[in-house]
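Think of it as A, B and C in the order they're written, each chain with its own count starting at 1.
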């Protein structure tokens, strides 16, 4: 480059042309093309998974799958016990996780000192990264071993452990966005701070908190590993029997996929389509509403 | 960030292709249309607001320039000349489009989202916005120093200076050493940093960082240097140092400096352009003249009010 | 605000104070619960695996045999399986993910970048078991017949790439993991790049840099610690991912010798064996869990430190 520039008495157009590097231009274009190609490559797996789940699952996702329980022996029947199990365990997990997660979020955002806030935030971040199978072992030791019985309650607790940090972090983040004036306005009226938090701050942040809860629900509905050693799975329809094993859509897919029987493979695809509709449905609707999104 | 993707492989002055998006004529390379080589009686004599200025040899000539951010017009109908190898100061109240105007000269304006322009910026008679000019090439000839010192924090002092040269690749070490010393000397920084060229660029003080940025701009051997309030983030001593440096560079480089500091403009510049803001919040050129004239006997009442501190 | 109509609340001086204190204390317990969950998991894993550590000492960590018939348990085959799959995942996902992050943060029009980011983040929402199902029936046979066959034909003489490929093995698990960690790398990488001050870009543009040069010479170096952090977070996720890996890795308790070998990761070993094991094997499995926990905790802590450091700007 040095010395490549002609003397100043050359015209600007000539000097511009002389300073031009076709190689740099080619690298620029190639680099940008590569970046675009990588982006498209990221979208391919999503499209491929969606395509195959819909193509293979659409035929199997029928009324039988939704309304009939699995046959106790052999093949046939449906996945009634599975989606019922998912609904119940995710429901109970949400009931457990929401108060704890929101309360912890409030604590960090409104009350905690610097060090306590950092400790809890760090614990939450790390918890999100803890392999969910380890949560399964943890709850197995606490809630299955003592009773010598796999049970749906343990499954729900395991799911709750997984979603509490998600809810805590989201709550904390959205509470931080509530304008200070709103708080001060309420406090200036003599409203005690706990009432201010519950009746002014939290409702303002309701949409954001709900986002966190729904993302937690979607995550719980898609989890398999923490259920393996807790709820175990079952071929029986179990309504309300939280002391007994219970099936879930994810366990149904896992077992069906590993089965040598083609009919069960097909049913797994059908259940996968159902699960995907549920999980992606929640994700899309929640994220579209709060555009910008919350990172998991 | 979105650069105009218009690129033409090599400029073909013969049979210039028709240009639908720009009505301006493709400019002949070496002389300004109208004959006389670069003597600027502003072509915009009839345009309201544009005052006649006697710029001896214009390096840059701006014609009917309008700059927009989306639908908002930030700069309106500016026509002026910028003298070669002299210092031209742009002053005016904040928000009057000074910086936007400055950034249009090396086509940094178009990096802002939704930014657009019309009009012409002629550099040595070549419209820098014509399709045969690539902004990337242009910016090597029209360097820039920014409001806040922005050395590359991951690079050493040495690497900061030659960052622009390394873009071309293939530069020899000995050449680079020579450039580093020459540019750091020109920026008045050599004696302070010659023993720690491998230290981080951000280890320097604010004033030193800004001089490092000037050295970095000089290293690519530009002809024009645009300075966007280069001393506004610095203390008075560092500011003075930058001003001295500008006076040293005067005569070798065409310098355009935006400043909100009128004393600074009067101390360093040969010419001063005064911008103000119209009722539509668009900045426009009130008048431009020799600095001494602007600060002692301006033509416009508005200018007088501003330089005497009555508003702004 | 309802209180306006109820001014009588004001005089009750001590009431609100006590309410505040109770409320703060209540929420505090929830915060403590989260911290104790984390500590609890570590303690439970340590206590439950204690007999195995006592029996084998560090041999549990360094032993290469996992043999229930002789009651000898060593973690090496699974540690290797875990690291190998995660490594393959990062080798694939890091360049693709970073290029994508660069595209989304630097090159794409925002009208395009937002929906693209949204789409890529959706990939993270696909349940692991669904990816595993897809892996068994679509990806594994596809890789076996195309990429694996090609690599074996070209590089099969190198032991690391020796065939045969069954489709189920370390490499397929790595590919599935790459898909799973892409959204993490893209989404955090993009945010890290976006946090680079505009002044850095302008400085490089001002020197006559092309957009690619601005991205690679100004933006990427500035954000390097955060970018590394994004990749490490992805690596952490790859280490602990269970279901999808379990379904395609082949589930063989041996140290893989080739990328096409069937193998077992720590998580997949626990997933397929834990319910059927008792005594020392079960305790050794929990010991594997403790090893996995330590690996992921270290990586996560390191990654978060690096990401946080980018926000403050880099140093040399």
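What we mean here is this: contacts are C-beta pairs under 8 Å (C-beta built on N, C-alpha and C of every residue); 3 or more make two chains touch, one makes a residue touch a chain.
Since the structure is predicted, the reported quantities are computational estimates derived from the model, not experimental observations.
On a Cα centroid basis, the chain most remote from subunit A in this structure is B. No other two chains have as many C-beta pairs in contact as A-C. If each chain is reduced to the centroid of its CA atoms, subunit B and subunit C end up 48 Å from each other. With centres set at the average Cα position, the gap from subunit A to subunit B is 50 Å.
Spacing of subunit A relative to subunit C, judged by their CA centroids, is 14 angstrom.
In subunit B, the positions touching at least two other chains are 136-138, 140, 167.
With touch defined as above, residues shared between interfaces to two or more other chains in subunit C number as follows: 106, 208, 210-211, 213.
Taken residue by residue, subunit A touches two or more other chains at 19, 24-25, whereas all remaining positions touch fewer. If you check the complex, the residues on subunit A that touch subunit B are 1-5, 8, 11-17, 19-21, 23-25. If you check the complex, the residues on subunit B that touch subunit A are 7, 10-11, 13, 29-30, 123-126, 132-134, 136-138, 140-141, 165, 167-172, 175, 179, 221, 223. On subunit C, the positions that touch subunit A within their shared complex are 1-4, 9-10, 15-17, 19-20, 22-24, 26-31, 33-35, 37-38, 40-41, 44-45, 48, 95-97, 99-100, 102-104, 106-108, 114, 116, 118-134, 136-138, 179, 182-183, 186-188, 191, 208, 210-213, 215-216, 233, 236-237, 239-243, 247, 267, 270-271, 274-275, 286, 289, 292-293, 296-297, 299-301, 304. By the touch criterion stated above, subunit C contacts subunit B in their complex at residues 106, 109-110, 197, 199-211, 213, 217-218, 221-222, 224, 313-316. For subunit B in complex with subunit C, the touching residues are 1-3, 106, 108, 111, 113, 136-140, 143-144, 146, 148, 150-156, 163-164, 166-167, 200, 202-203, 213, 216-217, 220.
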